[in-house]
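Take a look at the structure below.
For reference, chains read A, B, C and D in written order, and residue numbers begin at 1 within each chain.
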Amino acid sequence: MKKLINNPLKVADELVEGLVEAYNGECRHVGTRSIVKNDIPDGKVALLVGGGSGHEPIYHGLVGRNLADGAACGDIFAAPPPNIVFEATEAVNRGKGVLYLYGNYAGDVLNFDLGAELASDEDIEVRTILIWDDVCSAPPTEKKNRRGIAGLVPIVKIAGAASQSAASLDELEALAKKAVLQTRSVGVSMSPGSIPATGKPTFDIDEDKIGLGMGIHGEPGVGEIPMATADDLSVQMLDLIFADFEKDEEVAALAPGDEILLFVNSLGATTMMELLIALRKAKAVLVERGIRVHDVIVGPLVTCQEMAGISFSITRLDEELKKYWEMPCQSVCFSKMEGRYGG
Amino acid sequence: MKKLINNPLKVADELVEGLVEAYNGECRHVGTRSIVKNDIPDGKVALLVGGGSGHEPIYHGLVGRNLADGAACGDIFAAPPPNIVFEATEAVNRGKGVLYLYGNYAGDVLNFDLGAELASDEDIEVRTILIWDDVCSAPPTEKKNRRGIAGLVPIVKIAGAASQSAASLDELEALAKKAVLQTRSVGVSMSPGSIPATGKPTFDIDEDKIGLGMGIHGEPGVGEIPMATADDLSVQMLDLIFADFEKDEEVAALAPGDEILLFVNSLGATTMMELLIALRKAKAVLVERGIRVHDVIVGPLVTCQEMAGISFSITRLDEELKKYWEMPCQSVCFSKMEGRYGG
Amino acid sequence: MGKASLTISEVRDMMLAAADKIIESEPILTDADRALGDGDHGVGMERGMTAVKEALAGKDFPSAGKVFVAVGTAMMSSMGGASGAIFGTLFRSGGKAVGEGDAFTAKELAALLREGTDQVMARGGAKPGDKTMVDALVPAADKAAEVATLPLDEALAAVAEAAAAGRDASEGMIATMGRAKTLGENSLGKPDAGAVSVSIIVAAMRDYAAA
Amino acid sequence: MGKASLTISEVRDMMLAAADKIIESEPILTDADRALGDGDHGVGMERGMTAVKEALAGKDFPSAGKVFVAVGTAMMSSMGGASGAIFGTLFRSGGKAVGEGDAFTAKELAALLREGTDQVMARGGAKPGDKTMVDALVPAADKAAEVATLPLDEALAAVAEAAAAGRDASEGMIATMGRAKTLGENSLGKPDAGAVSVSIIVAAMRDYAAA
C-alpha cells in the first residue's frame, strides 16, 4: 500500500490540519484535534459530530453551512478522547446547549459521555442522539447494539439544517431522533482498507466472496456470500432494508407512496462507475415498489481508507424532514443548492 | 479486482443509465449514450462536455445547474463516437450554438470534430475549446500536444456559470478560453486503475516508485521518481506548476497577490485523508509565496477507476472568473452554494 | 485454389472473417495498447467488430464498396476513441473509392487502401514514422498499387506482408501522436496497437482470399 | 532479590517499563484486534503508552497513586477509542484508590485493581464473560485481594498468572461488547485484544518487581 503521507503516526493530526485549510477560513482548528465553524451565531443550538478519523470525508467533513457546527476528531478508527470532545463542545456552545450526533460505537459512546461530563462541569448542557442505521448489526429490538454507518450523512444534513432555527435543544434533539428513526442502511464489502500506521488490511476476505451487511471497519453482518452481480447485490441489500422497516415495531413498513432519500455510498476504492450501476438497479426496484425517491445522494462519503464496498441508505421523509433536506448546505464534501438535486 | 458490475462490456451504458437516475428528473438520457438537462432555456448558448467513461464522476457528472447542459459519453476510456456527439449537440442546442469543452486527446478531437461536421449539416453552430492543463505532457510552446486532466473541473464550473448569461457563442468561447489559459495541473500516480472489461491494470509501476506528471490513464510525464512523502511530493508538484506559468509566454508568472483556485484531486483509490495531508502542505507553500487561495476544491472528481494518485490544479482568477466561480452550482458530484466555500 | 476476385457476398464474408479474427485477438491488442496507450484498444476493436458483424451478417449489399462503407460506419459509431474515428474514416472513404461495381479485385483493393489511407492521414494528421496505424497502412497501400494487376489472392498476400512489415517497423519508431506520444524514447521496441490491428485485418483478408 | 514494596519513583519506573513492553507488543495487539475488531488496538496502545512515557519520564510524583492517575490521564487523553476510555478509567480510578502513601505494596496493588476494575465495569457495562479486558481484570483483581499480605513481587507473580489465565479464558468466550460483538460464535478461539494488553502490562509490572 503506497500511501501519500508523511509520518504514519501523525496522519490524523495532519489531515485535520489539511481539512482546516480546505475550509479556507470557514472553520478553525480548536484544541487538540477539533474543527469548528467560525460564524456560529449567539443563541444557536449547537450541533457537534465526530468520531474516528480515517473515514474521510466524514465525520469532520460534515461541518459547514447549514450542517454541523463542529467535529471532535479521533485518531484513525478511534473515537476522540474526552478532552477533545470537551474542547469541541466548549467551542461550539452558544449558551443554548449542544447536541452530540454520532455513530453508535462503544468507544465513541464512552468518550463522548466522558466529554459530556467535562462539559457539564462547565454548565454546558449536552444531549446525545446515537446513529444506529446499520440493520445488519442487530435485530430491530436491539437497536442499542446497532452500528452507525453511512446513514449519518442524510441525518446530519437534516439535523444541521434544523439546527439553524431550532428554538431549543429539546426541539433539535426530537428532530434528530426522528431522522435517525427513519434511516436504515446496509453495507457490503469486497476487500479491506488498511490501517495507515501499520499498512495492515483491516480484515481478510476471499477473492470470490462479498461480506454482506459488513460495517465500515469490516465488522461482520449477515455473513459472506459468493461474489455477485451489481444487480443481484442491489436487490439483496434493498430487501434487507425493506425487511427491517417491516419488522421494526417502532416504524411503519415502507409502503407505496412513501417518499425517501436514497444514498448510495462508496466505502473507498469502489468507483463512482460501480455506484451508478448499483443505483440504476436500486432505483428500478424502488420505483417498482411504488416508493417515491425524492432525492438521491451518490458518492464516496463514508469510507474506510481504500476498502472496496458500497452501502445503501434510505431515509423516509415527512414534510418536516423534507423541508430541512431541501435547504442548501455546504461543506468540503457535501453541498447542495436550495431544493432537490433532481429537477 | 472484484468489481460491482453486471456485464463487463455494458458498464458504460449502465453507468450512464444510473447517472440519469442519480439526476432523478433533472437530466434525461438522449440518443445512444448522452445525458442532457431537461430545463435548458430557449436562446441559451449551450455548453457540451464529454469524453470517455470510466473517469467518473467526470465528465458526465458535470452536467447540472449552472454547469454543463449535456455530455456525450464514450465507452470506457474511449472518446464518444461522432453520432453520440451529434445526438448530444442536437439535444442541447437552443439556437444560439454549442460550445464543446473537453480534454485534448486525439480520439476526442477526431470524434468531436466529426460530430461537429454532422451538426453543421443541420445548421448548428459549434465551437471547440480544448482543455490542455497537464503541464507535464508537453512544453508551453506545444500546448496543442498537452492532455486535459483535472483542471477541467474549475474550467467547466466557470464556463457553466458564464453560459447562463452569455450573450453569444463568441462570448462564451472567449471566457472558456481565458479559463483554460489560466489553468495548470500536475498529476502523479502510485498505482494503476484497471479496465473493467478485461480486469487488466492500465499500466505497471514498481512498488517503490511514483509516476510524476502522469496522465489520468497512466500516460507518462516527467518520469518515475522514488516514492516520496506527501510534503515532498506536494512541493515538487507545485514547483512544476509555478515553473510552467513562468516559462509560458502567453501568461504572466504566478506572483504574490495573485488569486487562485486550488483543486486537489484524487485519481481514485487515493483517500480523502491523503488529499487533505497533501493540501495542508500545498496551502503552506502557496501562502509562503504570497499567493491568495480564493477557494479550494478537494475530492475524487477526475479518476481512472481505482488508480492511486493525486493531482493539483491551479486556476488564476480575475474579477470575471471569480464572479462565475462564486455562482452556486449543482450536479451529482460537484455543488456549491453562492460565494466561496471558505468563509 | 485462391480467389482471383471476390463477389459482393464474398467481400462481406471476408470482412466477417476479419471481424472474428480481431475479436479473437483482443488480448494481443489490449497488451499492445497497455504498453503504449491506455489499454483499451483491444476492447474497442472487439466492440467495433461486434458491431461490424451485426451490420454485415446475413445482409445483402448493392456493391463491394458499400460493404466497406458499412464496416466503417459500424466501427465509427460503436467504437469511439482515436481508432473508431480512424478505422471509420479508413473504411468509409476507402469503400466509397471502391465504387459501385460487383467484383472486388486487386484494383479495388488498391483503391480502398489508397483513398482510405489518404483520408486517415488528412483526418488524423499522422505521417509515416509517427508510430500509428499509418505506418502499416502506407506500405500496404503502396504495395497494393504495385500489385493492382495481380489476382486478388496474390495481391493480398503481398499487401499483408507489407502491412506486417510496417507493423514491425513501428517497433523502431518513437511515438509522436496519440496517447503514446508522451512516452518519447520509451515507446521504442513495441509495435503500435493500431498497426497491429491493421496487420491482423489484412492477414485475415489474405487468408480468406487464399482459401 | 525481588521487591517487597516499591518507592514512588520505582512505581514510575515500573509503569515506564510496562509502557515500553506495550509499545514493543504493538504487532501482537494489532493482530488480536484485526481478528476480532477494527485492528487499531495496537496503534492505540502504542500512542497511549508513548503519552504515558512523556507524562512520567523524569517526573517526580507526590504519591504512588498519583503515578497511576497520571498514567490513566495520559492514556485517556491520547488514545481515544474504547480502550482509551477504559484504560483511562482503570488507572485514574484505581490510582485514586491507591491513596496518598509513598509505598506501593501488595495492599495498594489490590486497591488499584479492585477499584479500577469496578469503575471499568460501571463505565463500560461489560461483565465477566463478555470477552473484554474485564475478563483479564476481574481474575487479576480477585487474586490481588487474596495475596494482599504477600510481598509485592510474590503478589504480582500470582496476579500476572491470573491475568494471563483470564486472557486465555477469553479465547473461549463469545464477544457481546464492542466491535467484536457482531462476530458471535466466530469470535471463539481468539483472545480479546484488551485482555492481551492487560496481561502484558501486569506481566511487565511483575518483571519489574522481580528484578
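Worth pointing out:
As a working rule, a residue touches a chain if its C-beta (ideal position, glycine included) is under 8 Å from a C-beta of that chain, and two chains touch if they have at least 3 such contacts.
Just so we're clear, the structure is a prediction, and the values are computed from it rather than from any experiment.
Between the contact lists of chain A and chain D, the overlap is empty.
A separation of 33 Å divides the Cα centre of chain B from that of chain C.
Between the CA-based centres of chain A and chain B the separation comes to 28 Å, rounded to the whole angstrom.
Chain A and chain C, compared by their mean Cα positions, are separated by 54 Å. Shared interface positions of chain C, i.e. residues touching 2 or more other chains, are not present.
Along chain B, no residue makes contact with two or more other chains.
If each chain is drawn as a node and touching chains are joined, the picture is a simple open line.
Annotation, chain-chain contacts: A-B, A-D, B-C (touch as defined at the top).
Those residues of chain D that touch chain A in the complex are listed here as 26-27, 30, 34, 37-40, 42-44, 47, 76-86, 88, 123-124, 177-179, 181-184, 186.
The residues of chain A lying in touch with chain D in their complex are 9, 32, 52, 74-84, 105-107, 110-111, 114, 137-138, 145, 147, 195, 197-198, 200-203, 215, 217-221.
Residues 2-6, 11, 14-19, 21-27, 38-39, 53-54, 56-57, 61, 65, 190-191, 196, 207, 210, 227, 229-231, 233, 264, 268-280, 283, 293, 295-296, 298-300, 303, 305-306, 308, 310, 328-330, 332-333, 335-337, 340-343 of chain A touch chain B in their complex.
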